[in-house]
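Chain nomenclature is as follows: A, B, C and D, assigned in order of appearance, with residue numbering initiated at 1 for each chain independently.
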Amino acid sequence: MTTVTVWNEYRHEQESEVVADVYPDGIHAVITDALESRGFETQTATLDEPEHGLTNDVLDDTDVLTWWGHAAHDEVEDEIVERVHQRVLDGMGLIVLHSGHYSKIFKTLMGTTCSLKWREAAETERLWVVEPSHPIADGIDEYIEVPEAEMYGERFDIPAPETLVFNSWFEGGEVFRSGCCYTRGNGRVFYFRPGHETYPVYHQDDIQQVLANAVEWAAPGDESTPEFGNADPIEAIDMTDERSVH
Amino acid sequence: MTTVTVWNEYRHEQESEVVADVYPDGIHAVITDALESRGFETQTATLDEPEHGLTNDVLDDTDVLTWWGHAAHDEVEDEIVERVHQRVLDGMGLIVLHSGHYSKIFKTLMGTTCSLKWREAAETERLWVVEPSHPIADGIDEYIEVPEAEMYGERFDIPAPETLVFNSWFEGGEVFRSGCCYTRGNGRVFYFRPGHETYPVYHQDDIQQVLANAVEWAAPGDESTPEFGNADPIEAIDMTDERSVH
Amino acid sequence: MTTVTVWNEYRHEQESEVVADVYPDGIHAVITDALESRGFETQTATLDEPEHGLTNDVLDDTDVLTWWGHAAHDEVEDEIVERVHQRVLDGMGLIVLHSGHYSKIFKTLMGTTCSLKWREAAETERLWVVEPSHPIADGIDEYIEVPEAEMYGERFDIPAPETLVFNSWFEGGEVFRSGCCYTRGNGRVFYFRPGHETYPVYHQDDIQQVLANAVEWAAPGDESTPEFGNADPIEAIDMTDERSVH
Amino acid sequence: MTTVTVWNEYRHEQESEVVADVYPDGIHAVITDALESRGFETQTATLDEPEHGLTNDVLDDTDVLTWWGHAAHDEVEDEIVERVHQRVLDGMGLIVLHSGHYSKIFKTLMGTTCSLKWREAAETERLWVVEPSHPIADGIDEYIEVPEAEMYGERFDIPAPETLVFNSWFEGGEVFRSGCCYTRGNGRVFYFRPGHETYPVYHQDDIQQVLANAVEWAAPGDESTPEFGNADPIEAIDMTDERSVH
């Protein structure tokens, strides 16, 4: 059984009435419900808990971590970022959501600025499926329509995704690579664009379905851990060279 | 005219007679000669210079930076790493050589450990060209043979290269993805495996040809710089939504 | 439950005592046993059956097709090739084995010659896992060793695989991209190099495990079928242009 | 000096006044002028010439071929398609334009149906640059706007491009991967979406600049030709195995 830890910055919901109206118990509560109703075990973790809720014990029990952050990326401790980074490289799945594009963990994994264009105008977004056979698109129609979305526009400064699953159209005239798959170390990473604190995006059934598909896709398998470092030859070769300066 | 800055840790050559025999004026001197004879302007920079020789003035005058480091990766200041990182994202080409796989700048750009297997036994390496039409393979035969090589073996913990140009065979039984192309931001990055302080690898003509090809490939073009941040709509849309919590 | 159709040319086994010693009931029998013991339903089809055993009824009941051919690629009817091609585009998985690199169906899907170097010397092959987290490598150690292999060497004239899972080392000095993933239409395609009529490769447990993993990976999901052709606008736009020359 | 052969179906322009108004001397004439003024040598070839103008002599003198076809794809002889296919695999560049997505040569190189959605409503298209550092985007702003375009919409049934350079937005609500790079054999292939017989798209300066950039990118280099077939070992290995059934 796959266990998902749903991480949320969880500030907007407590500070803004507008946001609390949409996500009264936090964005993490809606995501958690969506995943549990689709058969996953979940736990939550938030910024203001000790170690941001991401203790080694919690991570030991995490197959896939979802990440929603926005205004307080800088408050995430570097030590915790490095801890999560190491877990991803060891095989933990990571789903980065919406404004999480600017999180320390995503930028660390990508190696780029992860910058983009944005606009808050409650405009229409349409996420077209460009790889219909990808498991993350299972059960999704030709497109997902988000009636009120924050616009994110290209250029999105990321490494080209290994697989591009969704490609977004925005009413105001922009496009965006909105569903991006990566492998980093033994871990699978999925960036999924939709979701905003003032719009009810995570309440949509098709968006929830993608979250569930992505968790399924990102969950670790039975992979062996590669061995690194000094290695004896497998074939019989001359080992008498003594020029090493190590 | 493309200007290349050839960076070298430049310690082994001054501390070890074995290395000095192979590279009396430093690895950077041999690489610089190779590139100049193939039509590039060059300058050098080394670890023990102020700012590791990578001042803003030097980088202003750099189209492509080559990087050779080995035993002192940790001594490269984080501030300089971040400076080089930003330059790559802005379009500067970067050629990472051999043990530079473990440099801070390469790990930062990759987002992974960049770990691998290694062995110093002066064994045969054969770099097979797997993409013969790639410009980095221009003028190269089916393979390059390195008579005395340090072995690097898979699993090489990198993101899958956007293009794999060379694939190495080692006498002791291993393989390695030894010529790997990436794009990060506006910059092109090439990792090239061969080269070791105790073996005369950079004196080989075909290895030098690949270095020149890689510089040519990584040099910035006439690209425009993308604009990031808040963006007005291009199409006429309703801009009256006032739910923002920014 | 995933149903696999195991296709075999099935000529060598009936014509050569050397081959019959290794595969008395045909290569397909060994593959079928391997897949059934790992929980798949199987059926077989061979070249000399009517429609090469690949009737529409058989394909209606096929989630994944495995393909082994060698000396009689030209005898496979173009009509059947086109039928299989269409099924792959519609979502059927396809596992192409060893000398199947030269089959009509693989060349049609790749668009290239699929040529390579080869040599029959019963030499050692070592398939290194380069993407340990890929589901096709589940349960596999750092490498698979094939004690007696036909050599296939680069340049392998294929489009660069979407994911390279295995990378082979050969005793005679060559390397080969030996586990290659592709998407074509809605279908997933995996090329797996090992396997030869005179060597007992498909009797190896780890090779069988990869076959089972690949079937699992290639099996179709719940994807929707995209709609093609003339499309009404989703947004309200001016539709009065009358310049069409259709 | 790079020589480009500009191929055109050249029927609409002779049969339709609407088209002749936009392209009085044929689409190929406008493309030829655009490339010559940017420093390339050009020649033209059209469907109704003997061998469709693509004789071996013409192809011997072609570094890059551009292809525009629409209503008469089926009239292109299979023999000529196979001839062009072989030339691409041997290193000739190929730029496939607009409705050429359904040409025999493009479908052969892709291995898929290359189907898509379409609509003729003279609507706005905006081609966003998603890889600003790619040479095909040299000198191009953040996007190219085509005021009157035929819509092409996803799902575009192609193998995922090796590099996606442009991503299109359409007024009617769709998106499209509109600048797609591939390698096939030794040849580079670029699919570029814009261009329609009834709209003056190829008269736009920025569109012409992309055509020139693409020609530059697709032109063959100094690559060696790989050798295929039976190969002697490079290392000394036992060659006494006699079990071959060849």
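As a working rule, contacts are C-beta pairs under 8 Å (C-beta built on N, C-alpha and C of every residue); 3 or more make two chains touch, one makes a residue touch a chain.
According to UniProt, the chain labels map to these proteins: A, B, C, D = ThuA domain-containing protein.
No experiment lies behind these values; they were computed from the predicted model shown.
The chains in contact with chain C and with chain D alike are A, B. The greatest centre-to-centre gap from chain C, using C-alpha centroids, is found for B. Taking each chain's centre as the mean of its C-alpha atoms, chain B lies 36 Å from chain C.
Averaged C-alpha coordinates put the centre of chain A at 32 Å from the centre of chain C. Centroids built from CA atoms put chain B at 29 Å from chain A.
Along chain A, residues 126, 129, 131-132, 142, 153-155, 160, 162-163, 171, 173-174, 183, 185, 226-227, 234-235 each make contact with two or more other chains.
If you draw each protein chain as a dot and join the dots that touch, every dot ends up joined to every other dot. In the complex of the two chains, the chain C residues touching chain D come out as 12, 15-16, 18-19, 71, 89, 108-113, 115-123, 148, 151, 153-155, 157, 159-160, 162, 171-174, 182-185, 197-199, 226-235, 237-239, 241, 243-246. On the chain C side of its complex with chain B, the touching residues are 126, 128-132, 142, 153-156, 160, 163-164, 167-170, 173-175, 177.
Chain contact summary for the complex, chain C toward chain A: residues 91, 126, 129, 131-135, 137-142, 162-163, 171, 183, 185-188, 220-227, 234-235.
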